[in-house]
Amino acid sequence: MAHVEVHRDDIELDEPTLVEGLPGIGLVGKLAADHLVEANDMVHYGTARCDGLPEIAVYSEGDPTVRSPVRLYADAEGELLVLQSDAPVSPDAAESFAGCMVDWFRGEGVTPVFLSGMPAERETDPSLYGIATGEGSALLSEAGIDSPTESGAITGPTGALVHEAQRVGLTSVGLVVEADPQFPDPEAAGTLLEAGIVLLTGVEVETESLAKQAEEIRQTKAQLAQQMQGGGEESTSARPLGFQ
Amino acid sequence: MAHVEVHRDDIELDEPTLVEGLPGIGLVGKLAADHLVEANDMVHYGTARCDGLPEIAVYSEGDPTVRSPVRLYADAEGELLVLQSDAPVSPDAAESFAGCMVDWFRGEGVTPVFLSGMPAERETDPSLYGIATGEGSALLSEAGIDSPTESGAITGPTGALVHEAQRVGLTSVGLVVEADPQFPDPEAAGTLLEAGIVLLTGVEVETESLAKQAEEIRQTKAQLAQQMQGGGEESTSARPLGFQ
Amino acid sequence: MAHVEVHRDDIELDEPTLVEGLPGIGLVGKLAADHLVEANDMVHYGTARCDGLPEIAVYSEGDPTVRSPVRLYADAEGELLVLQSDAPVSPDAAESFAGCMVDWFRGEGVTPVFLSGMPAERETDPSLYGIATGEGSALLSEAGIDSPTESGAITGPTGALVHEAQRVGLTSVGLVVEADPQFPDPEAAGTLLEAGIVLLTGVEVETESLAKQAEEIRQTKAQLAQQMQGGGEESTSARPLGFQ
Amino acid sequence: MAHVEVHRDDIELDEPTLVEGLPGIGLVGKLAADHLVEANDMVHYGTARCDGLPEIAVYSEGDPTVRSPVRLYADAEGELLVLQSDAPVSPDAAESFAGCMVDWFRGEGVTPVFLSGMPAERETDPSLYGIATGEGSALLSEAGIDSPTESGAITGPTGALVHEAQRVGLTSVGLVVEADPQFPDPEAAGTLLEAGIVLLTGVEVETESLAKQAEEIRQTKAQLAQQMQGGGEESTSARPLGFQ
Amino acid sequence: MAHVEVHRDDIELDEPTLVEGLPGIGLVGKLAADHLVEANDMVHYGTARCDGLPEIAVYSEGDPTVRSPVRLYADAEGELLVLQSDAPVSPDAAESFAGCMVDWFRGEGVTPVFLSGMPAERETDPSLYGIATGEGSALLSEAGIDSPTESGAITGPTGALVHEAQRVGLTSVGLVVEADPQFPDPEAAGTLLEAGIVLLTGVEVETESLAKQAEEIRQTKAQLAQQMQGGGEESTSARPLGFQ
């Protein structure tokens, strides 16, 4: 319960599934999670208050209200949560962040679905497989999600989250999808939703807009590369958040 | 009350609005805040004594008295404060600085107005929008300041201040203005004053001298670029402070 | 006993010999250790839970179950252990890792065999010699393993392990083999097994598949060099683990 | 009293003025302070024992006795002190050094005179101005030393000293002189003495030898640039100290 | 007594002189100390167990026994000690190492002789001078060793040792010899022995083999330069120790 500030006491969590959407390779997790929030009108349920998270002030077009960068969204039934982040979690903070979040997951009976891209140059649809901690293998089987087609490791903040879930024995699953190593990859994010999250949770979500985004990105890759170069932290500035 | 050393017990604060002027993109916040202090004859009210602030000795032309780099200025009525800084707050100190200052703001009933530039190449007047924490949205509406025209994030020390204000629920507003990404931008600072601070506080301030500065800068950009390159901290030196 | 999580209470350790397989020059230790685990059907006995170990989530082809990166494998008799690691131990963590593991070795009556490559351009079979702590010299003599043919030092995490074993007086041996300084060297790993581990432990192990790997590597060195370049830790990704 | 080891109990301090001589731009402070010690036959009164000071062993031509790098010299009357340093104080140690020294200054009734160069390309005699903390402005007025002709900041260890003096309200003055940004500048050091320290303290000191040094330096700038390049700290070496 | 593990209780220390042999400029200290150990058949008396010393495992040609990198050797009479190190002490550890060792020196009545090279391009025999702490000046006079011919500073781990000896008032001497700034310099090491250590201690030692080494090095400088380039610490490897 600690470390997550809950804003909506009217929503009662009912052993929810949580879709994790930290930025990573191809932004696949973030794109899938953000899309789920927007397409399904999920509400801002809580805010992660873990040590080491970036202390930046985030806002959205048309709304002056400032939010913290790492937030939880919920559906009305309290059965689905999304972890949305507008900034990367630094490697130094990954371990304490993982401990902070997994602790809360256990306390609230949350089953997380972690998302990761696997860098790949592909010409066909992106392939996807699942990994699991605790009793997660059964969830993958029920959903008909394949086992890994190769040995591998998930690193970074999502790796720390999966590692911590494994360490404490929390049931979770992870979805690994082939993704563009350089550019945002909405097509791979769509695969995470259609061939993973929908099968695991039964949630309904259209993915046409992601397909449209994928088309746009194909046309503007050079421009995006420039926009994604981060600036230093010393001088204060506001930055546009293109993918929200 | 902690962490701010007050020099003027004769001035009683009356739920003041504070204009924050840390250095950042285009130096817009610093230029606007410094101008407010000078044009309105505000007095040196207090000094920030937060951990991690730069330990340098600042002085002004014509006056041998040394001051600390991060100071608070006040008007005679105790209704307006300005946070003036002669040196950037380092990223490492941003978090503790934000906690230190916001703590004092709450204790004294201060409503902060945070200032940030948004890098932009522009040909028309710089556009401006507002963001808010706590009950700040109402203040923006009353002043007729627009909501964000894009999604974004404020980073750096000012980002940490806004984040902390949001975290503790302090009412504050932030003003984001288009600004030159490379050079000091007195024109954008003028917009912060005229289209933001004046509307929020009712304070009167001329901005002609800023317009004049803007003209001068257009003529001496190359020279300024050189002057702004910071030196190392290991060897002691005195540096001119060009914008005061 | 602390710091190693045991998963198989059905296996009773019987003063086992442990083969250490951390990644290093030519990956010789890792290749030899991994081969021993696979060729001899050893089971996942325990997981190292020492401070500073990489918090990544590891999985294998065909099995969704996530594991931690540093693990202990055992044979059915509890006479042979292998320390397998899927990621390098960072220099900063080496000292505390060494203390953590050697402490457990002492408590369980484990005799470690440490493995290290010695960079060498060679045209003949790789040469090998042994080093020792505690009563380890006698073990080398019994096995007919030569003394060092040069003065040297073992550095890195394995160096810290040997150093710690020496410091506390634990009996252990170290095997140093000539190895390719740039590429994985399964031939040198085969020498560690045949001319070292087999003689010390009496374990039976085929090394033909290592010879085959060596042949493959000779043909694909350029490709491997690229695959082994590690990525940053900030962004999450899944990486293939080629040598498992 | 803490943190300064006193070697000469026979000298009783009589509210002394202290001339600070840390290395900085143009080495002006060090050159002036060292000259004062030598020309006036001041004696080694004490040694600074503050955390973070460089742990190096200093010796002089013709005398095998090792000294610490940061020392205090005194005249026989206990009215003049000089702080002499043979190595720069690192930025990381500047804050604690400043606290350590200013604490001692207060306890002993010391009035410090801080020295700093201001980088300038000049063709005439170097100009000088004074800054002050506590009641220092009066001392500057009495001595007829000008107020700053520009706004500025003193950074580095001397900046930290002045800042700390200001913070605790200790009376002190600072002298800022135009100095060569690249090479030792004995001429500027002479100005510090003649147009500053002599006026403030009434001490008598010849500056002809500094003028001679200035002439020598003009002839050997290239050679000096090389000699001043510091080496790494990892490997032990003895280095000549050219300006003592 | 703390921090040094003694292996030879049969040797009783008799107010010994200790020759320090840490790696530094020209490896002069290490070469002289190692030569003293080997030529005089000194025995491994103890091991330094100070915080921050490199945790590597050292071994010698023909002997599998692992040792720690920083060790003390003694003669049979307990009148001469040598501090031998097979790896550099890092700058971060220098201060605590110095405290640890000097503490032990005081407890055991040890008089250290510190050794340092002074970078010099020379054509004649290397010149040497002595420095001193405590009552060390008298020892230099008795031995007929010259005072410094220039002002200077000893930096690095040896500098920290001399500094600490000075701070606590321990009697010690330091020998500074002209040395090759780039390559091992056995000739300068020979001068340390013949014109310094022999005169101070009365120990007998041949230096012909050092002269022979000097000749070899003149012929293979390019090769040595390559061998001395250290590798990273992350990956484990064994390295040959050429000068033992």
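When the chains are written out, they are named A, B, C, D and E in that same order, and each has its own residue count from 1.
Following the convention adopted for this analysis, a residue touches a chain if its C-beta (ideal position, glycine included) is under 8 Å from a C-beta of that chain, and two chains touch if they have at least 3 such contacts.
Model, not experiment: these values are computed from the prediction.
Enquirer: Which chains are in contact with both subunit B and subunit C?
Expert: For subunit B paired with subunit C, the chains in contact with each are A, in label order.
Enquirer: From the mean C-alpha coordinate of subunit A to that of subunit E, what's the distance rounded to whole Å?
Expert: About 57 Å, centre to centre.
Enquirer: Could you work out how far the Cα centre of subunit B sits from that of subunit D, in whole Å?
Expert: 35
Enquirer: Residues of subunit A touching 2+ other chains?
Expert: none
Enquirer: Which chains make up the ring, listed in order from subunit D with subunit E immediately after it?
Expert: So the chains, read around the ring from subunit D toward subunit E, go D, E, C, A, B.
Enquirer: Residue numbers of subunit B touching subunit D in their complex, please.
Expert: Per the stated touch rule, the residues are 49, 54-69, 86-87, 231-241, 244.
Enquirer: List the residues on subunit E that touch subunit D in their complex, please.
Expert: My answer: residues 22-25, 29, 88, 90-91, 94-95, 98, 116-119, 129-133, 136-137, 140, 147-160, 162-167, 173-174, 176.
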